[in-house]
Amino acid sequence: MTRMPISLRLHRLLDPTGRASRSAGWVNRVLAVCIVASSIIAIVDTEQAISDLAPGFFLWSERIFGAIFLAEYVARMIAVGEDPRYRGLAGRLRYAVTPMALIDLVAVLPLFLGEIAGNTQIVRLLRLFRLLRFSRLGPFSRAATILLMTLRARLPELLLSLLVALVVLIFSATLMFLIEGDVQPAAFGSIPRAMWWAIATLTTVGYGDVYPVTALGRILAGMTALAAIGLIAAPTGILATAFAEALRRYHHERMEPVAPDAGQEGAVARPQP
Amino acid sequence: MTRMPISLRLHRLLDPTGRASRSAGWVNRVLAVCIVASSIIAIVDTEQAISDLAPGFFLWSERIFGAIFLAEYVARMIAVGEDPRYRGLAGRLRYAVTPMALIDLVAVLPLFLGEIAGNTQIVRLLRLFRLLRFSRLGPFSRAATILLMTLRARLPELLLSLLVALVVLIFSATLMFLIEGDVQPAAFGSIPRAMWWAIATLTTVGYGDVYPVTALGRILAGMTALAAIGLIAAPTGILATAFAEALRRYHHERMEPVAPDAGQEGAVARPQP
Amino acid sequence: MTRMPISLRLHRLLDPTGRASRSAGWVNRVLAVCIVASSIIAIVDTEQAISDLAPGFFLWSERIFGAIFLAEYVARMIAVGEDPRYRGLAGRLRYAVTPMALIDLVAVLPLFLGEIAGNTQIVRLLRLFRLLRFSRLGPFSRAATILLMTLRARLPELLLSLLVALVVLIFSATLMFLIEGDVQPAAFGSIPRAMWWAIATLTTVGYGDVYPVTALGRILAGMTALAAIGLIAAPTGILATAFAEALRRYHHERMEPVAPDAGQEGAVARPQP
Amino acid sequence: MTRMPISLRLHRLLDPTGRASRSAGWVNRVLAVCIVASSIIAIVDTEQAISDLAPGFFLWSERIFGAIFLAEYVARMIAVGEDPRYRGLAGRLRYAVTPMALIDLVAVLPLFLGEIAGNTQIVRLLRLFRLLRFSRLGPFSRAATILLMTLRARLPELLLSLLVALVVLIFSATLMFLIEGDVQPAAFGSIPRAMWWAIATLTTVGYGDVYPVTALGRILAGMTALAAIGLIAAPTGILATAFAEALRRYHHERMEPVAPDAGQEGAVARPQP
């Protein structure tokens, strides 16, 4: 094995598919874990009761993660020169303003901002977007492709059922405003107010902070709740069909049998005649 | 290109499929946006707190939209003469009493009523029905056809599961009335009252304004809630199957391959080496 | 057309498939409407506030429906003699103790009991079971057959997912009892009490009368709620598959194409070979 | 029929598939019923109000079930010697530390602990795990295999939709924390607190103990609730497809027609070639 320039070595190490070298998968995995850990700490840090317990832990863990992400940012800046599109200093500057590189930069900012601004948890949570970089890693890559194919193939039907849901929302809110607007003005005194009730009912969330009290209002609420089942069933049915279709297409394009993962555990998928 | 009579020009411009001429799609789009914007303003206008902030805005926006819809109404009245069914003055009068034209007329009314009656938001919301006119426009046309085919093909099964749901509703309400009618007369003192609880439970909305307090009542509520899952699962399963079927039939009738939308976005399903 | 004995005429008139004669469908329809109307009146009658408004209406409508069902019962008793299994007086007595005939008898009872016992709404609601007699009538017949085939074909899988749901229910209730039993003894002081919370959460009904207040309890509740989605998705997926299968089998057995309703309004009830 | 050693007789009697001998099915069934009964009693026993009513019943039923499970444990220890892997004393000791045997041991412990520790309901509930031993019994065996195949085949997609759900959870909780954190500090004063609201909304449980009160917060809640429908629809669609696939594969492997249960009651467990 010959000597490699450091930029090429870094390039292989940071390869997002984790296939370029043995350590690439390892490096990507560590970075993904760092992002998740850093995000969890940022979430917990917003809870005063917990952050007051161990302010040192939160301060130092953030500094360490910040340093790791800074090192990664520098490494990526060096490595990207191996990519023909981003060769040289000008190329690297072009790379620095791509969305992905800007997110990487934002991930590093809290390290410096923290000294000035104090609460940087929200900025730190933006790091979650960086997980997208690792979406091509491991078994999720195929799953993500299939799920995206599913959504894209039946997008008009999904949007149409969303549209129908919105129309049903407006009409049930309008009717409830007419029926109970005078009885419960705080809850149903205008259509936008009634829409708060209507969305909670149509999604079957049903907080229960507002609900009709008249007989007519309850009959309307019952019918709205029944309509809710249809509005939930429609996208589910569409997604089920689209998913089956996307799966078939995905395997067909790759000349694979329909269920190649059957072999995963050992026995399930016999090769077909 | 020869000179066209104005009625023919308007006819092409208002063509609901947006295919008659280049500007047709543009005109239809603007009208659809106007309907949606006018409806949103009508909804927001019912909220006293907001309408008081800028009464001038609501008054004038309504006048402008009203004028646009009036112009459209007149234009349609002229254009419809190109349609052999509605030629001449008698034909136009016949057209004026078709449901679609009446809805168009209702959409214009608030412009004049507003000066007299004050609150015309509800009438203005009827304009939403006018969106039906544009349902043949754009990518929703195919989706709407397929979704309608889906519903129609398995209507008896869907109605039957609604019927089963109603019977379960009546029986669980009756049982709850018998079990908790004396304990909580306000909530379960009659079967219609108990039905309010039963519908909230069977649709899994669960407002929580009424719920059983006795052990027996809670066992019944638990069983009702479990039944709810079946009653939600049934139409979902039916719709999923029917949708797959409708999709197959739709493409079969048009001699299209089952998944022509693969090429839609350009890149998703490129054959791979 | 020759003269028919009255029992044969009644037999044809009451034929549950409504195909024996032209008026059979009509008679069955009227009887079905009577059952539904009588049930609705019985439901509304339990509400004191309404039944007090028009006591005469409820009394007399019940007497009229009771008389109709009495006439139907007598007619069926005469007509059943045409059936070779129930010929003669002995046969008719044998018929009188079949479950269906007993339900018919119960449907008539309130007519006589009402004079003595007063509130007979619950007995009158039993009439809803009589709708089963008409389930072979019209387009619901095919739908009912297919839905029953669906349930029967995948019964073990459906029961198994119910079993899994029960085990999850017990475990989440047990854990919540251990976590919050001391904090909220009224809500989680025993496993059966915690099960009330667990069933409301696992079915996503979420009344909100009881909910955890500790951090650990809320984490458990969140995980239970996520599990709920799986427990709802499983039977839905199973039913969707089973329904598609039942549909295919139903049409295959009848040598019909899979989607005879493609011609929608006309072709549903193709005569069978 | 020749004389069999007692260990072989016990081995056949305790055969988990219930096929070794006529009484095997019977013995397994009785043991399964004992486990379920013992678990139900343990659950009810935690309710002070009930356990105080009949302390003797709970004490003695537990002693009897404990004795039965002790006898079963001893019998299994003797029978396992017939298995070539666990022959002799050393083999039996090796068997005693397998997870299944340890669970069996735990099931017996309350019999002795009860005298010392008092409340052993939780330990007794662990017996539910013993039901796994009987999962190969009867019609559930096939259903369990198919459901496991279903889950395994599409595990990456299911995990990915869980991941998407978690990301949506974090983002809606973060936004709600930013919007309503100052208005309702107890409910939304930190991201972990807001996550309690977010999980109740995204799973459509909707306890209603916390909910937004500002207009912006309610718009976010409405959008979160709409997202919830997608997050429920996705796993349902995936499971439906995977289940259909698993069913096809299961029957294909066994050279059975896809729907052998068409003959319903009789044909389910066709002997396999």
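Note that the chains are named A, B, C and D in the order they appear, and that numbering of residues resets to 1 at the start of each chain.
The definition used in the following text is that contacts are C-beta pairs under 8 Å (C-beta built on N, C-alpha and C of every residue); 3 or more make two chains touch, one makes a residue touch a chain.
Note that this is a predicted model, so its numbers are computed, not measured.
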Show which chains lie in contact with subunit C and also with subunit D. A, B
Please decide if copies subunit A and subunit D contact each other with the same set of residue positions, more than half shared, or with different positions, and reply same or different. different
Subunit A turns onto subunit B (C-alpha superposition, degrees, nearest 5) by 90
So, in whole Å, the Cα centroid of subunit A is separated from that of subunit B by 30
CA centroids of subunit A and subunit D: separation to the nearest Å works out as 30
Subunit A and subunit C, separation of their C-alpha mean positions in angstrom: 43
Would you give the residues of subunit C that are in contact with at least 2 other chains, written as numbers and ranges? 192, 195, 200, 204-208, 232, 236-238, 240-241, 244
Which part of subunit A faces subunit B closely enough to touch in the complex? 148-149, 152-154, 156-157, 159-161, 163, 167, 170-171, 174, 177-178, 189-193, 195, 200-201, 204-208, 211, 215, 218, 221-222, 225-226, 228-230, 232-234, 236-238, 240-241, 244-245, 249, 253-254
Considering only the defined contacts, which subunit A positions touch subunit C in the complex? 204-208, 236-237, 240
Show me the residue ranges of subunit D that touch subunit C in the complex, using the header's touch definition. 39, 43-44, 46-48, 50, 121-122, 125, 128, 131, 139-140, 142-144, 146-147, 150, 162, 165, 192, 195-196, 199-200, 203-209, 231-232, 235-244, 247, 258-259, 261-262, 264
